[in-house]
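Pasting in a structure now, in C-alpha cells, and then I'll have a few things to ask.
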C-alpha cells in the first residue's frame, strides 16, 4: 500500500506534463482546453484520495511514521546523492504532519483548481496557467513530503519558481513582471538562511534526513543529543547550545522569506498582481505556510533553544501587528487580504515561538480554509465587477451579489474569530498559549496579540462594508471592463451591458465547500491537541521550558476577551463606514496628506522605501561605481591588460637590441663569448691556485 | 726554447686586436681583414700547441684552415662587391634593413 | 737570454704593432699592407715553431694571394677617401674597448692559471715536425685521417670559385 505513496507526488507532475503538451496532444485547441480543465483538478483530487487512503496505513505504522520511495515503486533507500559522508535519499516521509499538509494542499488546492477553470476561462493562455498550477502542487507536495532537508529545499525552491511564474503570468505588463521578480528575489534572500542552516545541520548532526528508520534522523538525534555517529553532543555543552540556536535562526531566516515575516514580507502585497486563484492558492493557503511547516518539522530543534523561540515569537508578533496596521488603509480588495495574510502568518509564527506548534498548524489549517474562501470570493467580486479591484468604486453589492456576499460574510467572521467559526478556535488557542508563554512576557504577548485581533476584525469588516454595504459608487450597466492581459473574449451579455452579475456555479461551488469548512473547522481542534501529532511535533519539556501558566487565568477568560474585542472591531468598522456612504473613505483626501499616522501606514512603515534606497539606489551605486568600475574593470581587467601592457612595454624596450647594425650584433657575440669564458674559468677543474 | 704559453698569449693578443677591429671599423673590407687576423691567431695557437705535444695534428689543422680561408675570402669579397653595387657606399652601417 | 727568446720578442713586437696598425689605419690600403706585414711576422713564428712548410704556404697563400685579392677589391671599389662619415651615437666603441680589455685579460689570466699537461718536447725531436716530407706523409698516410679532408678541400675550392663567379657577375640577361 505504502509503495504507492509516490503517486501523491507524481500525479500532479503528470498533470503538469499533460497540460504543458496539451497543444501537441490534441489537435483542436478547444479539445485541448477542455482536457486541461479536466485533468488539472482531477490529478489534484486524485492525490488527495491517495493520501486519504494512506492515512490509516500511516497511523498504523510504528511511531505513526512511514517511509516511501520518491521514484515510482522505488524503495525509500534509493540513493540520490552519495559521496564522502554525505548521503541523501529520494524518499518521502509520511507522518501526521506531512499527511495533514498534503490533504490541505490537495484538498483546498483542488477546489481552487476547479474555481480557476472558470475564472481563467477567457484567458488565451489557459493551458500555460494550469501547467504552472499543477507544477506548483507537485513542488509543494515535494516540500511537505520530503524525507530530508534537501528534498524539502527542492520543493521550497520549486514553489518559489512557480510563484514567480504565476505572479507574472500576465507578463506583458511590466508591473506584473516586476512583482514576480520581487517575490522571487526576496525569497532567495531568505533561502540563503535555509542553505546555511542545512549546512550547519549537516556539520553538527551528520545527516539531512528528518526522521530515519534507524533512528538517525536529525530530529531523532536532536531529541537525544546525539550526532549520527552516536557521539553525545550535549557533553560539549559549550558549543551545542549555540550551534542549535544558530541553526534555528538560519532556518528561521529561510522561513521568514517564504512566509513573509519582517523584514522579508515586501513581496507578498506586490504578488497580488497575479490572477486571483494564484493569490488564493499560493499566497494564502499553501506556499506561505511552508515556513510554518518547516518550523514545525524542526520543532525538535527549536524547543532546545529559548533564544530562537523568542526571536521567532517576537518577529511573528511584530509582523502580525504590521500586517494589520497596513491593512487598515488599503483600498484594493486583494491588498487588504494580502496584508491580512501577512498578519495571520505572524500569528502562526508567534505560536511557533511560544512552543505551541500544534496551535500554529491548527491555524494553518483554518487559515487555509477561510483565506482561500476570502480570496476566491474577492475574485468573484472582481470578476463580477469586470476587473475592478478598488473598493472605493464598489459598494452596495449585497443586493446584486447575494451569494458572493454570504460567502465573504462567513469568511470575514471566521477570520475575525467569532464563535463558533473555525478562526475563533485556532486564533484563541494561539492567544491562549501566548498568555502562557514558557519564557515569560506572557502579558505583553497576549495584549498585543489581542489588540491585533481587534484590528483584524476591524479591517475585515471595513472591507465588507466598503464592498457590499453602503451605496453603490459605480454605475451598474456602465462598468468599464478592466481587462487584465490576455482575455480573448468576454461573456457577450455581460460585456454588452457592463452589468454586474453573479459568478457562475463552477466558481461558487468550491466557495461553498470552503465556507462549510470555515464554519465547522473548529471541530478539528481535538485532532491537533490530541495524540495525533505526538510523534511528529516536539513537546516543550527541555530544560526550563515548560508549559507556563496563563497570565489571564485560563482559556475561558481568553475566549471572553477575544470575543469582546472581535465584536468591538466589527462594530467599530460598521459604525465608521456607514457614515461614509458617498466616498467610502474615513479620511478626506486633504486630511490624508497631512495625517502622520495615515501616511506612515500608507507607506507600509517605510520598508519598501528603505529597501529601495538601500539596495536599489545605494546598492546599485555601489555595484556600479565600486564593484564594477573599480574592482572588475580596474583591478581584474587592469591586471590582465596590465600584464599584456607589461609584455608590450618590455618588448618595446627589448626590440631596441635589433639595431640592424652588424657591428652591434658582433658586439653581442663578444659579450657572450666573454661570459662563457668567465664561466669556464670559474669552473675549470685543472685550475691551480696560483 | 720559448715556452709555449708565450705563443698562446701572443695569439690571444692578436685575436683580441682582430676582434676589436671587427667591432670598430666600418669598412667591410677592413672588417674582413681583421677576421683574417683572427684566423691567423688561431692558426698560430694550433701550431704552437702542435709543437708542444710533438704531433703534426696542429699543422694539419692549419693547412686546411688556410685552404678554407682562401675560399672564404674569395666568396666574401664577392659579396662585398655585390653590396657596393647595391648601395654605392661602403659603410657597413648602411646595411641595416633588419633594424626594428 | 737565448737567441730564440730575443727573436721571439722582436717578432712579437712586430706582429702586435702591425696588427694594431691594421686596426688603426684610416686608409684601407694601409690596413691591407700592415696586414701583410703581420702575416709575414706570423710566418716567421711558424719557422720558429718548426712549421717550415706552413711558413712558406702562409706567405704564398695569405700574403701572396689573399692580400692581393683584397687589394684588388679595394682598388676596384675605389675607396681612397677615408671614412669621414660621422659615427652614429652608439656605445659601440667604448663597449668594444672595455670588452676587448676584459677579453685579453681573461686570455692572459687563463694562460697563467692553466697547467700544461705534459712536458714540452725536446728541441731536436721536433726539428723535423713541419718539414715538407713530414707534412706530406701525414697528409697522404692511410693511417691518419687527413686524406679525406684533403680531397674534399678540392671540392670546397671549386665551390668557392663558382660562388665567387656568380656573386661577381652582372645580372643575367
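As written, the chain order gives the labels A, B and C, with residue 1 at the start of each chain.
Simple rule for what comes next: contacts are C-beta pairs under 8 Å (C-beta built on N, C-alpha and C of every residue); 3 or more make two chains touch, one makes a residue touch a chain.
What you are looking at is a predicted structure, and each value in this text was computed from that prediction instead of being measured.
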item	value
Chain whose Cα centroid lies at the greatest distance from that of chain B	A
Between A-B and A-C, the pair joined by more C-beta contacts	A-C
Rounded Å distance, chain B centre to chain C centre (Cα mean)	6
CA centroid of chain A to CA centroid of chain C, Å	99
Where chain A and chain B are represented by their mean Cα positions, the distance between them in whole Å	93
Touching two or more other chains - residue numbers and ranges from chain A	659, 661, 663, 667, 670
Chain C: positions in contact with at least two other chains	88, 92, 96, 100, 103, 107, 114
Sequence positions of chain B contacting 2 or more other chains	19, 23-24, 26, 93
Contacting residues of chain B [partner chain C, same complex]	1-10, 12-21, 23-27, 29-30, 32-34, 36-37, 40, 43-44, 47-48, 50-54, 56, 59-60, 62-64, 66-75, 77-82, 84, 90-91, 93
Residue numbers on chain B that touch chain A, as the complex places them	19, 22-24, 26, 92-93, 95-100
Interfacial residue positions of chain C with respect to chain B in the complex	4-5, 8, 12, 15-16, 19-20, 22-23, 28, 31-32, 35, 38-39, 42, 45-46, 48-51, 53-54, 57-58, 61-62, 65-66, 69-70, 73-74, 76-77, 79, 83, 85, 87-88, 92-93, 96-97, 100, 103-104, 107-108, 111, 114, 116, 118, 120-121, 123, 125-126, 129-130, 134-135, 138-139, 146, 149-150, 153, 156-157, 159-161, 163-164, 166-168
For the chain C and chain A complex, residues of the former touching the latter	88, 90, 92, 95-96, 99-100, 102-103, 106-107, 109-110, 112-115
Of chain A, residues touching chain B in the complex	655-656, 658-663, 666-667, 670
